[in-house]
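Structure below; questions to follow.
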Amino acid sequence: MYRINVRDHFMIAHSFRGETFGPAQALHGATYVTDATFFREDLDADGVVVDIARATEVLRRILGRYNLTNLDGLAEFEGVNTTTEYLARHIADALASAIHAGDLGETARSLDRLRVTLHESHVASAAYERPLHA
Amino acid sequence: MYRINVRDHFMIAHSFRGETFGPAQALHGATYVTDATFFREDLDADGVVVDIARATEVLRRILGRYNLTNLDGLAEFEGVNTTTEYLARHIADALASAIHAGDLGETARSLDRLRVTLHESHVASAAYERPLHA
Amino acid sequence: MYRINVRDHFMIAHSFRGETFGPAQALHGATYVTDATFFREDLDADGVVVDIARATEVLRRILGRYNLTNLDGLAEFEGVNTTTEYLARHIADALASAIHAGDLGETARSLDRLRVTLHESHVASAAYERPLHA
Amino acid sequence: MYRINVRDHFMIAHSFRGETFGPAQALHGATYVTDATFFREDLDADGVVVDIARATEVLRRILGRYNLTNLDGLAEFEGVNTTTEYLARHIADALASAIHAGDLGETARSLDRLRVTLHESHVASAAYERPLHA
Amino acid sequence: MYRINVRDHFMIAHSFRGETFGPAQALHGATYVTDATFFREDLDADGVVVDIARATEVLRRILGRYNLTNLDGLAEFEGVNTTTEYLARHIADALASAIHAGDLGETARSLDRLRVTLHESHVASAAYERPLHA
Amino acid sequence: MYRINVRDHFMIAHSFRGETFGPAQALHGATYVTDATFFREDLDADGVVVDIARATEVLRRILGRYNLTNLDGLAEFEGVNTTTEYLARHIADALASAIHAGDLGETARSLDRLRVTLHESHVASAAYERPLHA
């Protein structure tokens, strides 16, 4: 199995609801250094998993929706706790949609699965990994 | 599949028995920068894999048993080579016991598996990954 | 010249005023991975620059004032842009006060200077370095 | 499942053929910081996955074939695009041959699988993972 | 003294002349992960050393001149060994020119000095630091 | 001013005397990831600060004196606390002697100063910087 990984970041404000979050119930924020990892069984005709420049562009576009925002004010996150885990899945699903829409090129449609990892500090991260086909 | 990772470290002395260890048969030591990774299929009701603060605390407590000790003098390691691989499993098993005992919270009992990685330098590490249920 | 460095982090929300900040004028946030570096000409009687455990504790206490807050709502930052550079100095000055107050031990009073570096992502950081004596 | 990881690097020139590579069709180069990860179900009699010193030596020897060369001029790469993904597999296959030849020791023959990751920068990497037995 | 640091990278081919370079006399290549560090005594009216987004853009533009090229074929490097040290200075001087030309904004003209660090691997780097005013 | 940096590591056991060291008075150990940084005003005739391969070799030789030992048992450390700061200076002085002895080549004698940084974990390090000429 092959994989490639590209990295970017986004910076947001948010808050959590629920006593288990303790002081993180207050409005605070985070830089999420984000790794997007794409897996496939065989390389495409160009000898790549997916074009690294194109994957970087698509990741930047998706993170750009949230970069420099307060997630608490975005309609798509209404009523949810935007935990690092939740955001990892949210971004993974957005990348999957981009792949299915052909944004990473025709051959990217045969990618096997992808993983999104959000590093919230030098000592903590969360990730979500999913298949790209049922 | 979701995962979260928390990082801490511990500093120990030890020595190895067996010719294959060459100069590492002498008493020496290591800093082990330790990653504990927790996996689960679905998020709990709070939208997390496991509480990062609580996971950090439990990891610190477990590493604290060994931090600033000479492993050669601890009864639990009598007769074994405390290689990086061996220690990764030992700490993974201790974390699994803590999870089963409820130390990471009730919902942590439904975690799927965990991995412990010990970085012994900038160029070498070892890890052990195990399921949490038979 | 000797130095020691200890690392911790804090996570905040804030916004900037001024057209030069473009989209960063909106409420957003950051994780600041923070390095505190202490310099001195000679070691103290124990053979250290300053006790690493104590330096870590004092840094954690200072960062704890801001961790999980919205800086826009704190009186001490009223009317200022809490840029990474500004915060680096603010924390450096707080550390200098702690040193002069004896919080890092008596011998820490003879430290020469200190630097605080805030890493806002894997690709950007800011720092402030200052002497500890006029 | 246990694993160990060792890291080294090599520095090469190369170029790519095909319009999809855009400006990378020109002769350029890369430093590949290389992680070799070895997996096995159980530890050997010495309590290790494979000897870290020996794994480091074998990895250095394999990377040494390519270090400080122009890959475009090597017969083994004639007619192929030496993408990061392709090279990850090429090195993984060379390591697998070394394992089967006994270069990592007799017990290394029972390793389960291996992964080779090539980091081409601080923001991009590729990897190939394969079993060691049919 | 304040400073900010921004990071980017470029990938090149080159070769060295002179017996002291041994095997590096052959055509090979490198990824240079590049840190540009800007120093100034006081913050500007916006509370920054220099705008991080603008510094990142200018650095990218300068590295873009060399990215994905063979340095041996560029007129500006004719007759010189493009060692990591030499390139660090070359890029630092190009950044200084950009600052003096106003590319980083009017207030950037009062920057004090700058440093450029090129990381050629996880174990080696070179840097050049220079004042910005005579 | 130019500089180059090379990195290696060593793994030791030791203990400290003095109540201020608390639990570190017990025998324990550390991995020291070690950066040696060499500074000079102008490049030599080959266009380098000092040969990176040669600097790496000399650093490895010096660290090799201590790697895989118990520092408490070495005559040269009798009666001293081998703190990270102390070791940073010890290794810096050994490197300075090697430079003066010509081990890094004739032109290395005109190096200006050097710094040795010992990273004892992902969150703590110590360094010593010294001139090479009176």
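Here the chain labels run A, B, C, D, E and F in written order, and each chain numbers its own residues starting at 1.
We take it that a contact is a pair of C-beta atoms (placed from the backbone, for glycine too) under 8 Å apart; a residue touches a chain by one contact, two chains touch by 3 or more.
Given the structure is predicted, the values throughout are model-derived calculations rather than measurements.
A.B. asks: Quick check on subunit A against subunit D: do more than half of the interface residue numbers occur in both copies, making it same, or fewer, making it different?
C.D. replies: Both copies touch with mostly different residues.
A.B. asks: Please indicate which chain is farthest from subunit A, where distance is taken between mean Cα coordinates of the chains.
C.D. replies: Farthest chain from subunit A, going by C-alpha centroids: F.
A.B. asks: Does B-F or A-B have the larger number of C-beta pairs in contact?
C.D. replies: B-F
A.B. asks: Centre-to-centre on C-alpha atoms, which chain is most distant from subunit D?
C.D. replies: C
A.B. asks: Just the number, please: Cα centre separation of subunit D and subunit E in whole Å.
C.D. replies: Averaging C-alpha atoms per chain gives centres 30 Å apart.
A.B. asks: Please work out the Cα centroid separation of subunit C and subunit F, and write it as a whole number of Å.
C.D. replies: Computed value for the inter-centroid distance: 27 Å.
A.B. asks: Enumerate the residues of subunit C that touch no fewer than two other chains.
C.D. replies: 7, 122-123
A.B. asks: Looking at the complex, which residues from subunit B come into contact with subunit D?
C.D. replies: For subunit B paired with subunit D, touching residues are 18, 20-22, 80-81, 83-86, 88-89, 122-130.
A.B. asks: What does subunit A use to touch subunit C in their complex?
C.D. replies: 7, 9, 11-14, 23-24, 26-33, 67-70, 73, 120-123
A.B. asks: Okay, in this complex, where on subunit F does subunit E touch?
C.D. replies: Those residues of subunit F that touch subunit E are 1-8, 43, 46-49, 51-53, 56.
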